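One chain, subunit A, links the two complexes that follow: it is found with subunit B in the first and with subunit C in the second.
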Partner chain A sequence: MKLTREMLGGTPLKEDDFAKGKTLFLDDKLRTAYNWDAGVAMGKFLAGLKQGKILGVRCRKCQRVVTPPRVFCEACFAPIDEWIELADSAVVDSFSICYVRWDASRIEKPEIPAILLIDGADRAGIMHMLGEIEPDKVKIGMKVKAVWKPEKERAGSILDIRYFRPVR
Partner chain B sequence: MGMKRVAIVGAGITKFMRRGQETGRELSYHAASMALKSAGMTLDEVQCVAESTGPDAFDGVHMNGEYLSDGSGGWRKPYLRSYVGGGSGVFVVNHGWYQVASGLFDTCLVVASEKMSSCHPHPQGAFLNIFDNFIERPLGCNLLWIFALEMNRYMTVHNIPHEQIALVSVKNKKNALDNPAAQIPEKVTVKDVLNSEVLAWPVHRLDISPTTDGAAALVLASEDVAYKYTDKPVWIDGVGWCLDTAYWTNKDLYYPRYVEKAASMAYKMAGITDPRREIHVAEPYDPFDYKELHHMEGLLLCDKGEAPKLTEKGVTQRDGEMPTCPSGGLLGCGNPIAASGTMKVAEIFWQLRGEAGPRQVTRECRTGLAQAWGDLMQVGTVIVLRK
Partner chain C sequence: MALTEKLERNLDLKSVYMEMPVRHRYTLGVGGEKFFRGLKDDGKILASKCPECDSWFLPPAIFCEQCFAKMDEWKDVGLSALVVSFTVAHVGLDGKRLDEPVIYALLGWPGVEGGLIHRLGELKPEEVYVGMKVKARLLAKKERQGLITDIIYFAPEK
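Right after this comes the complex of A and B.
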């Protein structure tokens, strides 16, 4: 059976089909709101951020130290109750230089999201932004440090860290 | 294992489009009815239906699988939607397979459809909700980030030039020129890809597949009844799937271990010990050009870091030794999330039957593979087909 266009259902629309009223549609929005519980592990992590600390946990079974914290080890499926204060420094595991927003609109000053392996954890990273650096100077393997909001502005949020900057 | 052998006996697909006039239900009907017609089967003979579609948020319809059921031939039948993100299109065929392999049903209609264009201003708005609500979404995430981070890691670990990666986009868009279902078949050069707009470095616009409306469908039959519908059944000899952790920033993104685990499961079932020799044609998942290469490595079709070099040598062209994405892939055909993977299985079905027309690969092929991927760099779904 050789595919031909005639066999295929589907009517591609063109932009001006809408303006010319060739096709009908309905515009609407879903209205939903959520109030998410932080949970036990994330709650403690966020409370740590408020104090200017990045917390991790250690699985007593496999000894792995990870962050973001969790109350169980997904590999051992054992409970985790040992909390560790990690450094607020990290190694850049990967990064991007991003010129678009989620809705595909363009931004002038690019953002630099990165995966940051937090010092003191076993190859466990979080995603955050890089700052105080020109995009073309960023390298994988680079050492960086958290830049915190002033204590009174911290809210127990990932945004209590403004960004990570290179270690000079 | 006491399982029945299961064959694919028919396939159908719609035109893949940026925006189609049809609803998801209408698209499902077109693909499903084409598949039934190609198998010479009526809906009365369909004993169960396996359906897949992406996140309900694309359509803004809660329990979208139920809404789509009539168009999928599910009226008053044992009907179930399965959904594992981008991996769904291959998984839903695995899901149909076990319905029949178990002996519970002799026939199963598999239908996957996606209507992405309804979500405004961009379906990314729905994708974004996959990121962690506490520590990722507040950063103002963009779905491209996760691909850019993975691509950069992959390129850096293996020291891969972007030129080699761009060759995948060039190949797949060219292959799509022979596919009447394709959305963006194009002749482009490596230079065009590298000169296209940088969206999230290292990702350029032409490294990415577009958003798409479309559907694909397959008809499955047990070994007891398959020859009633065709004298050229294509057998599902191996299935595999695997889900990795949602803590995606905890793992090294340079290599998709979950794809390797899924492939190993499928190879073991199919009795394949040397996939590089035993797989003759493959449809690895290619929502981004680097992803085809990443997946070839995870599928053990080459060494880690070797896929870009094979691509440069022409090994993965239609006339090469290991043709990949002869359909045109998602880069050329478009990427209607759940339907994408099912389209890939349909293409391997046509290739193994020698029915791919101008898309037919040059080498003789008896065994083929399709794979899909999804979520936070998490899910691998694999199927091995033999004629």
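Right after this comes the complex of A and C.
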């Protein structure tokens, strides 16, 4: 049996029906503002981005260098207090080609989010966008470099890096 | 030592302020549409009746929630209601203290299942009692939008 819309019932509505006042409705917005406490380690990392630096930390016990920074080593539970400035270049560990944006809208030119292993850290990665590259040219293992916003536009956010572009 | 690190400069970034864009459009459904059209266009409060269990329902619906029978008998229950229950709010939605307390009440109509939740007005919190007779004060017809706020509040019936 083929299911038809009539069998399901309901009242189909088009955008036009709202404009013409054919149906009563309420448009509303949820108040969803929030203030995320970055904590000591992430706070310092974000402050570093504002200065155009990618900061990492080294565990004095196991010598592992990681970013994003944390205040204790999740491998050996030692407190971490050694901060180091890492390069703003990375290696593509994994990537995705997205034709649908976060808000479910469709786009012609895809976005390419990637997991990037920051140079100088031990297989520790951040997620960011790739740019200045065609989707079919992206390769795992490819070297990329951060493209920063101008200093006065930087706000201490991961978006202070616009995207990562291929190293030529 | 990171765990006991002192903040030397309180301007160092420690939090991220953001907002999730969450918009929605609520449509009222077949029964709700009829109820709010009645309120908007005719200034009436409508209830619907179940042919199986003979109960009247407010807010009205197109199906009886108890026996699933289709309801197609409607009537105007009038603007006068009784206070079934009430609460006095001293704190607003945003958690801030209100200058004037707001009285919210469940309003009932004799012989009708359910009721409406709305504000009470034109009286002091200490004057409200359960069983009090109140009457809906509506916005002027041209200001009504087909929303529950077309009723400004319920005021004591004199």
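We take it that the second predicted complex is superposed on the first by the 131 of 168 C-alpha atoms of A that agree within 3 Å, B and C clash if a C-alpha of one lies under 4 Å from a C-alpha of the other, contacts with A are read in each partner's own complex, and residues count from 1 in each chain.
Assume contacts are C-beta pairs under 8 Å (C-beta built on N, C-alpha and C of every residue); 3 or more make two chains touch, one makes a residue touch a chain.
It should be emphasised that the depicted structure is a prediction, and the values quoted were computed from it without experimental measurement.
J.: Does the superposition put A:V147 against subunit B (first), subunit C (second), both, or neither?
T.: neither
J.: Given the touch rule stated above, what does A:S157 touch, subunit B (first), subunit C (second), both, or neither?
T.: In the superposed model, A:S157 contacts both subunit B and subunit C.
J.: Go through the superposed model and pick first if A:L46 touches only subunit B, second if only subunit C, both, or neither.
T.: both
J.: Considering only touches as defined above, state whether A:F72 meets subunit B (first), subunit C (second), both or neither.
T.: second
J.: In the overlaid three-chain picture, which partner chain does A:A38 touch, first (subunit B) or second (subunit C), both, or neither?
T.: In the superposed model, A:A38 contacts both subunit B and subunit C.
J.: When the two structures are laid over each other on chain A, which of subunit B and subunit C touches more residues of subunit A?
T.: Counting contacted residues of subunit A, the larger count belongs to B.
J.: Just to be sure I read the superposition right, which of the two partners does A:L30 touch: subunit B = first, subunit C = second, or both, or neither?
T.: A:L30 contacts both subunit B and subunit C.
J.: Classify the contacts of A:I133 with the two partner chains as first (subunit B alone), second (subunit C alone), both, or neither.
T.: neither
J.: Per the contact definition in the header, classify A:A87: touching subunit B only (first), subunit C only (second), both, or neither.
T.: It touches nothing on subunit B or subunit C.
J.: In the overlay, answer first, second, both or neither for which of subunit B and subunit C A:L13 touches.
T.: In the superposition, A:L13 contacts both subunit B and subunit C.
J.: Shared contact residues on subunit A for subunit B and subunit C?
T.: Dual-contact residues (subunit A): 11, 13, 23, 27-28, 30, 36, 38, 46, 103, 157.
J.: In the complex, go through subunit B and note every residue touching subunit A.
T.: On the subunit B side, the touching residues are 13-22, 26-27, 29-31, 34, 38, 60, 120-122, 124-125, 128, 132-136, 138-145, 148-150, 152-153, 156, 179-181, 197-203, 213-214, 245, 247, 249-250, 252-253, 350, 355, 357.
J.: Along subunit A, where are the residues that touch subunit C in the complex?
T.: Those in contact with subunit C are residues 11, 13, 18, 23-30, 32-41, 43-44, 46-47, 50, 57, 71-72, 79-81, 103, 156-157.
J.: Taking the touch rule as given, give the residues of subunit C at its contact with subunit A in the complex, in rising order.
T.: Residues in contact with subunit A: 1-3, 5, 12-28, 30, 32-33, 36-37, 40, 145-147.
J.: Quick one: in the complex, what on subunit A touches subunit B?
T.: 1-5, 7-13, 23, 27-28, 30, 36, 38, 42, 45-46, 66, 68, 70, 74, 93-104, 110-111, 113-115, 123-129, 135, 140, 157-159
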